[in-house]
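Given below, in the form of structure tokens, are the structures.
Two complexes are shown next, each including chain A; its partner changes from chain B in the first to chain C in the second.
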Partner chain A sequence: MSQWTNSVTIQRWTPSSRYAIVFAGLVLVLLALAPLFASNGLLDRLTALFIYVILAAMWNALAGYGGLISVGQQAFFGLGAYFTIRIADLGLDPFISVALAALIVGVISYPISLVMLRLKGGEFAIGMWVVASILHLMVNLDGLIQGETGISLVSLNHYDSAQRLTIIYLLTLGSMAGLLALLFFVLRSKTGSAIQAIRDNEEAATSVGVKPEKTKQLLFVIAAFGIGVAGALWLTSATTFLPKTYFSVQWSAYMIFMVLVGGIGKFEGAILGAIIFFLVETWFSSTGVWYLVSLGAIAIAFSLFLPKGIWGELERRFNWHFLPVGYQVVEKNKINTDKK
Partner chain B sequence: MKKITKTGISRRQFTLSAIAGSAIMAINPTFAAATSDKKLRVGFISPRTGHLGAFGETDPFVLSQVRQALADGLQINNETYQIEILDRDSQSDPSRAGQLAKDLINNENIDFMLSTVAPETINPVSDACEAAGIPCLSAVLPWEAWYFGRGAKPGQPSPFKWTYHFSFGVDEFYQTYISQWGLIETNKKVGVMYPNDADGNAIRRFLKPKLEAAGYTIIDPGAYETGTSDFSSQIALFKREGIEIFNAFPIPSDFSALWRQAAQQGLTRQIKIAQIAKTGLFPSDIEALGGLGNKLASACYWHKDMPYRSPLTGQTGKQLCDLYEAQTNKQWTQQIGACLSLFDAAMETLITSADPKNKVNLAMAMRKLNVSTIAGQVDFTSGPVPNVAITPIIGTQWVKSKSGPFKFDYLITEHATDPNVPIAHKLTPYNA
Partner chain C sequence: MTHAVSNGLLASDLVKNFGSVSVLKNINFSMNADEAVGIVGPNGAGKTTLLSALAGAFQLDQGSILLNNQDVTEKCASARCNLGVVRTHQIPKPFDGMTVFENVLVAASYGVDADKQTAYQHTLNAIQLSGMEHVANRQAESLGLLDRKRLELARALATQPKILLLDEIAGGLTEAESVQLVDTIKELRRQGIGIIWIEHIVHVLLQVAERLICMDSGEIIADGEPQAVLSNPQVVKAYLGGGIE
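Up next is the complex of A and B:
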């Protein structure tokens, strides 16, 4: 490290991140064309992957950027699915119901945020789990859901199977891209800096004029909305709504796994974590209990030995910033050209 | 009868074949195999691990019997078809059951799907088949939870084209309980413990009013949550009301807690009939209760003494279960015959369809299916709704075995829903 001089500059984009954005755009175009050549099986699995990416990105935004660790995000996953069923039962098209359901989840999350954001740290985490359980029990009271018997999104049967698969795939791809773009721009904006300042030190952030409540609420509502979208899309793909499956704490466990392994607080980390989780699930889920035991063990190992996750480690070693949401302070004569 | 129309080739499928037709044949060997005429691929999804694992424990044995019987193929319309069964473990997890179903449909190109045990497995599998237009036959789940639990509405036409289900329903429980409870003189006061889950809610909603109409006084302390550890208020209520019949639909761990407390607090002394469903389907549940398991009344969806023969393997229930006990040194369970009856009905569907490669024909064959299986008649032509056939529930009692080799014998006490089944034992009072 050469001597610190005052000839520093602030850098956001690097050449590699510009390439990365172009590359991400190309991947999206390729994925959007996939229904033309991919098999039904592949489309269906990719739909699941996109939903995992949404879940990981949302949990990462909440925990990695906002410092709000929640084990109750399944509340919004379940509500997204529940409202889709409810609205579709009124006779609306199931895919329109998905969009409306996600909006309702976003709206409902606001009053929840007013109460829950008063809690700190572990209290918030467990409090959210309580919220998820309460919402689960309330959904069970709805006669349409028939308690734990559940119900299926039967109106999807109006679509023929190939058409149905393609619509769900493209809808999920579009939702993932849209939600990631939303997060990217929010986190790069002034609000994003405020969010991270609060995470690092709330009092210090307040002293420089950041309003913690409003900022945290925004993040909370975005995360709830995104996870609501994920739950509604998962329902269209699975058809069957059994309340205890959707309100299961395993969804939060999966989100935590993806973010811890991929790299908490790294935008790219959540995406990488979702891909890793998806591959692990595809290859090893048939081993049953040992699969779940291994997931837990891996998450513990990462938090102990690689707390920044795989992406954090790659970023440290190679100084990669593909999707930069932060600022880098660099010496003027050492502007990052990725040639290290 | 509603017409089943075959979906035409969509534009996407057309583009697919135009661009990549032969390439896909080359890179995907299962595609080529599935299109050969003499082979049928049948998917089978059941819970072998997880909280429903006790049901699927006997599946490997049944599958070995089925595969042995099908070793030389199946004769359909004077042609021999090789039947390949692709069996999968749902791990009692609905998400996994749905994913396995989609994998079998999309990547293994199955012609026919079979599924068994509980909404956690059957409902997601049926929904995946309905979505993809794959014929699916299932069994062992109260039909109301399968039919209404998947979005069908009473009084409206069935929304399902591809999925069929044969099982008992709430009405079979009603007939069996009325028949069973008439065997012993009681004050007709029934204490019930129905949990807040799929079965509990259905039973409270549909069975309770019918029992009341039949002259029983139902003492219902309300739904309890699974995992409750203290039942003393309910037990006190039952003692105060002087119930002589007790009826519950608990999971084994809840029943174990409840029944031990009932014994400690003196409730069991006044109970003449302890009619337990869900727990007590398997010998292991009863053995886990020790002495308290003796003389519990139960009801089964299959029994080895049913006077039927499997058209597929040619075995009677007794032959099948004797073989299982000899091979595994474990006591027979009712899932053995129920599982085989699913394969019996499925193979008969393939045979009567005449052209089993045609999925529309297969679905029509299920709709018209009327066949004798190892569990008795499966008749879709007389069901309550077009996609459902009704099967019986037989009243039974667990009794300490006098001659062994296992601790308890599972004996038939009544046969209201299938009079062909021989009664082997007179129901004895629990507190006698």
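Up next is the complex of A and C:
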């Protein structure tokens, strides 16, 4: 009876995943040193890339792992920026305002989750868009914002231009690394397994002891917090808060594009998708409307012909698990190989 | 047949309506935690609804359920699982995007309070007991019917149940596969796990069940020793006037 159970063990890291973590660490160190040698233009572009990575990772956690497909996550992007303006207006440092704004977004997302998580599937997706639109209108009612005219984060002017750019860059890099680490930790934990079980069959998950409501609320709040961080950081980079821009559904469209192309439900896929989106934007955004048409067409093509995205395909073909959140049962005499 | 049970299930006056359709009509039922009870009856008799009620899948319109003298009527499926009552589903509900091991690990991690290493061990034991060692790393979405049924069983076993509720787990299996399944369930009986098993394949069921209940139109029409139940005229009539093979 116990022969098989004694002959196997559970493996979570493989040599390739260990190398990948070391490589990722080295890349982070290199990126942290970039202000010493990179141009202002490059730092500014990289800041945008880091924000895209945060957005893609958060949407992937929510939809790819949790099955909570939303087209209203711009709600938290806009709120992150809005509360940064509001708190900075009280006289606080703009970068402290960013942190406080993200926390407030996380707190506000909890009561929203209590209502919205009662909805399922398409109702949840569209319902979130409605939430984003309502919050957009409510923000417009704030006299400080001056409706769609918007307002600038003028307190950033206390910093000189180069210093400001460096702080924003490093803050965004640190936020991206921290949020990716948080997601990785959560998804690798038993909560991560429960999140995926609920995605696949909520009734079955409940029948084996999982508590879906609390688990989904946790995921919803983490995703809202992360996207709130992204919105607040985007404001520090762009300086001006225009409600129509920050609460635009285009942000959800970008998140969906990045995750579909990179690989939905794959931790590495979201990062890869953000990089691809960043490159496409860098090279082709000047083509105007055709750029947006192309983004949509590419996303549809991936959904139809490569539903698990580029990383999903690479994982299937080469058994790559660089940042594994799952488990492998391996025979004890085969530990530390990359073979299944 | 109901009687007070200090160690087992006691369901009293269970009523469940779906709209105007009355699916459970004042069901009274009890079992000791070490019993193996089979439930038979024609389609639409209310068997799965009774199992779902015992598992806590929905709120009853009326009635109460005691587990080891503790009232669990208001407790959800998740809480009842933690108390030792767990079910399998008639139509398997695997977590498609996860491997077999990961499917079972979810149950081992949440069904019972266990540290990580203990959960791993419970998972491996349940996989082995269900005969799924060869597919432990396979995605659940790629499994055939037999392995999906086995996965239902493995997931339930990983919660360390005291009472296991099986819903037509032999349905769709070949004769050889059914024999394997019966062997597994007999092993569970040796471990002292109580079983309530709904099954249409009566000769398979009778290899395990010590007591048989027959339901029809939301009511229990017979309850007792299996052969006595099968020869009960009401039971024979419920099965379209024919005897049960």
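Everything below uses one rule, namely that the second predicted complex is superposed on the first by the 319 of 340 C-alpha atoms of A that agree within 3 Å, B and C clash if a C-alpha of one lies under 4 Å from a C-alpha of the other, contacts with A are read in each partner's own complex, and residues count from 1 in each chain.
Simple rule for what comes next: contacts are C-beta pairs under 8 Å (C-beta built on N, C-alpha and C of every residue); 3 or more make two chains touch, one makes a residue touch a chain.
Quick caveat: nothing in here was measured; it's all calculated off a predicted structure.
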Chain B versus chain C as contact partner of A:199, first or second or both or neither: second
First, second, both or neither for A:321, with chain B first and chain C second: neither
Partner chain in contact with A:86 - chain B first, chain C second, else both or neither: neither
Partner chain in contact with A:39 - chain B first, chain C second, else both or neither: first
First, second, both or neither for A:289, with chain B first and chain C second: first
Partner chain(s) touched by A:164 [first = chain B, second = chain C, both, neither]: first
Sites on chain A touched by chain B in the complex: 35-37, 39-41, 44, 48, 140, 146-157, 160-164, 166, 238-240, 242, 245, 285-286, 288-289
Contact set on chain B toward chain A in their complex: 7, 10, 12-13, 15-16, 19-20, 24, 28, 49-50, 89, 91, 93-96, 98-99, 102-103, 105-107, 119-120, 123-124, 127-128, 130-133, 145, 148-152, 159-161, 196-198, 200-202
Interfacial residue positions of chain C with respect to chain A in the complex: 55, 57, 76-78, 81-82, 86-87, 89, 93-99, 101-103, 105-107, 109-112, 116, 119-121, 124-125, 128-129, 133, 136-137, 140, 155-156, 158-159
Interface residues, chain A side, partner chain C - complex: 1-2, 4-5, 8, 10, 190, 193-194, 196-197, 199-201, 203-212, 265, 326-329, 340
